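The two complexes that follow have subunit A in common; it is paired with subunit B in the first and with subunit C in the second.
For the complex of A and B:
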């Protein structure tokens, strides 16, 4: 059914359609409306779940870990400082291969304190072993959340659905929420084979000596790679069920013959799309919307960049002292590819800096400028000369 | 309440028949001949005389088999589960050092959501309970989860090599509170955790000791019967960290109770409802002199040693006064082999 919903409200409704047994979350801007909306659904009797209102994000993550280990479908949501406070548990959840879903309402990480959007939070736990999917708009965020519950079950890998804080979470849009029966057909009942069960007692999270650790990591990595096809297939199944897809691992749009490509994740894609449409004089580009950041769709990216002379990679976070994170990763992937495009890596929109449509033309123009700054929209005039 | 039919089924599957102990035979070791549920098996890698291993075995005997355990990082976790082995015969999970109460909260929420009533237990050492896991524990108690939390209190971080915790007694030496020219061991007091737990007004909280197994097991059974958060701290000597002979674990634990330094009390909704009276109170030196961690306090002629001994004696006297431990009269239900400490208090006659 089509309804005008705020992004957070839509996520709460989508989660509710997936009938989680246990939800645990701790409020933080810009995720707060998600928790509040879920609490309201519970209070009104529209969602029957054990809602555990914890005393911290550390406990939120620990509660969903315990719940899923005990055989429950579990969900949590957080952002920014919350992601970092959870960090130790997030690695633990993934290392134990516990299936559950978390929304990250992407927000910058303090200091300086900022409640606004960038990807510094989810990037900080990039190596935790979670699947990380980025939504470009709210319909994608809703659809990806529902798909995430199926992906996590099938892969026994936890799934993080990343959506840009405020830009998506607080935007009112018309959203199509599928009927309950569609979800019930799409999403099998939650089953976790290794669940804690007195009739078949298992020990989870045991100490592993150097004789086994490498093998555990190997199988985790292998599972992540296998998850690439699960993510794709789940999106196809979703398309069959609803007539709508989210773009599998990545999608390519724009001019197929263009010599310039732009890679972006999240809501930036929409801004670039608009810029491309409204400033045709800037020249054509192939727009690559990356949905799966972990596992990384290496092969799909190589194919998508074939024939390009230039590839602009947009990061919404940086690794200080090195550069853009996505940019560095893509450079590594294309290093051995013959005739690979030249990479131009820029960070944009840090700490909520608005990204205007004109950025499209500016980025294409900057291809000619070998000295274009890493943080593309930083205003040097605001800095002391020695910091420029 | 636990499901009795399910309990019987699980006992049948994993336990020993609940009959009287039978004679060991060639096929049955003495241990196998015991009519107990063995949730924690022998053969694990604890040090000889480990109080924590003994305490956990006793807790599991009384709590199992329809339980699941969330165990914090620490000795108990490490010595029971070196992959691919495990000493646990109940579903058991270890996540991190500071979150066993929160993981258990999730497990309990899952049981509620699925309409099951398997009881959830959370285990932690004193480090995982008094210190780093304290916030998660407070949250678990406040949210009123149906969980029995057991703290195995060996009064230091043993797994990482005997560092002080907020449960380490005043003046005890650890590797991070050594005695030296300028220091007489730990400078701070043992945290009064039970009072903080009591302030949560949970249905039941108690202290117990490995020296009094029947008392410990009664407390576990009582907690198991309560639908809501319950807490048990078990004094569990560590021969390695306390530096006493492995054979002295029980004696050391008993003397801690007899001198008043580790009072055995029960609290319901925050009020003291039962204590174990001490019929013959001992001086703290009887306890201190058994352990290397207090060796610097028993040096003759050192006025600082005398001062710290007096300090510890004052702490013990305070406990004895506050809880009214100096008791007399007959033991209502004596503990096997123990002649000097009796049990009583206002709820002594309560069903076991």
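For the complex of A and C:
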């Protein structure tokens, strides 16, 4: 049913529709409303789950790890410093291939302290081996959360659903929450074949000597690559069930004949879409909305960028000393592709810097400027001359 | 698309006002988006919230920089000359204040109307929270959305005595302003 809902409230309801057996989370801005709303659903008797209030994110991740390893459908949510405090456990969850779902309400990482949005937190655990999917709006965040529960049990890989903190979590908009019967048909009962079972004892995450570690990593990498088709197929199945899709691995919109492409993840896509519609004088572009960041849809990206002269890659985090993260990855992917577009990598919206509609025209204009800064919206006037 | 900026102080329900206005637009069959200027909110500190409503999908996610309408919940915020920054030509501000409307209009160079929403709120709900009264006055002035849509939105958020008192308050506040006086600028 379509309702006007705050993003966080909608996520709590979506999680509830997926009937998790165990939820463990520690509140942190801007994820707090998700956890508050879940605990409210539990308190009011609308959600029957083992809700574990923990004393830290390390424990939240540990509880859901244990719960899922024991065969429970498990969910957690966090952001920023919470992601970092979980980091050790997140690598363990992925390394042991434990299926569970986590929402990251993307927020910048300290220092300096910032409660506002960027992608520094989920990027910091980019190499943990989790599937990372980015939502461009709250409908996608809801739909992707539900899909994530199916993807995780099909792939036995944990899934992180990334949604921009505040920009999505605290925005009320029109969201369609499917009926329970739709979810029940879409999402099979949770079964984890490798679950810890006293009747069939086994160990998970034990010491692996150099004779097997490389093979474990190899098969994890292979499992992530196989997950590409699962992500895509799950979105197709969702479209069949609800009439709505989130764009599989990535989507291309805008002018198919444009010589300029723009790649972005998350809520920036909407602002770029508005900018493209309202400033036609800036010229057309192909807008590539990247949904799957891990596993990376290499082939789909190569296909989406064919025929482009220029590709603007937007990061919402940087790797200091190198540059944009997504930009560097895409440059590597396209390095061997004949006639690949020239890449213009910019970071935007760091630490919650508001991204205006005019950014579309400004980015296109900056193609001509070889000295356009990496952090595109940084105000050089605020910097010491030696830092400019 | 119509854009609103709501200025208030922590505790006056500015974010709730934004959510209610957007929810009312949804009840009236429109698309909507509402969000606060995210910060570390505390009671008494200036708070800004934003609303967009329209008949088509709303893609833009930036803060509202060029509002069609301003709703100001606290008289003390009128000391800020940048309050009306970005207000579209022909845009108007509705202010919770006992000050003279013509004087406020002259100060800010835009159409302005002052209503004593705090007084009405104190009398009807027993608390100095002006948000629902201001929204109702705004809808009365502009006719952008029917008052019923706001009532429905309130029913989705409150219940019991708080709801009853607020329903009475919005009826009174809507009647306290000249009905449809700002209707001509409606461009939904």
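What we mean here is this: the second predicted complex is superposed on the first by the 388 of 388 C-alpha atoms of A that agree within 3 Å, B and C clash if a C-alpha of one lies under 4 Å from a C-alpha of the other, contacts with A are read in each partner's own complex, and residues count from 1 in each chain.
In this section, contacts are C-beta pairs under 8 Å (C-beta built on N, C-alpha and C of every residue); 3 or more make two chains touch, one makes a residue touch a chain.
In this text the structure is predicted, and so the values were computed from the model without any measurement.
After superposition on subunit A, the partners subunit B and subunit C are accommodated together without colliding.
When the shared chain is aligned, no partner comes close enough to touch A:45: not subunit B, not subunit C.
Contacts of A:70 after superposition: subunit B is touched, whereas subunit C is not reached. In the superposed model, A:30 lies in contact with subunit C only, and not with subunit B. Figure note: vertex subunit A, arms to subunit B and subunit C, all at CA centres after fitting on chain A; angle 110 degrees, rounded to a multiple of 10.
More residues of subunit A lie in contact with B than with the other chain of the pair subunit B and subunit C. In the superposition on chain A, A:53 makes contact with subunit B only, not with subunit C.
Contacts of A:167 after superposition on the shared chain: subunit C is touched, whereas subunit B is not.
When the shared chain is aligned, no partner comes close enough to touch A:370: not subunit B, not subunit C. Judged by the touch definition given at the top, the superposed model places A:352 against subunit C, while subunit B stays out of reach. In this overlay, which is a superposition and not a single complex, subunit B and subunit C have their closest Cα atoms 28 Å apart. In the superposition on chain A, the residues of subunit A contacted by subunit B and by subunit C do not overlap at all. Contact residues of subunit B toward subunit A in the complex are 10, 13-14, 65-68, 70, 77-78, 81-84, 86, 88-96, 98-99, 102-114, 118, 135-136, 138-139, 142-143. In the complex of the two chains, the subunit A residues touching subunit B come out as 21-22, 24, 49-50, 52-56, 58-59, 62-72, 74, 88-89, 92, 96, 196-209, 212. Of all residues in subunit C, those touching subunit A in their complex are 18-19, 22-23, 26-27, 31-36, 38, 40, 58-63, 65, 153.
On the side of subunit A, the complex with subunit C involves touching residues 2-4, 6, 30, 115-116, 166-167, 170-174, 267-268, 270-271, 273-274, 277, 352, 354-357.
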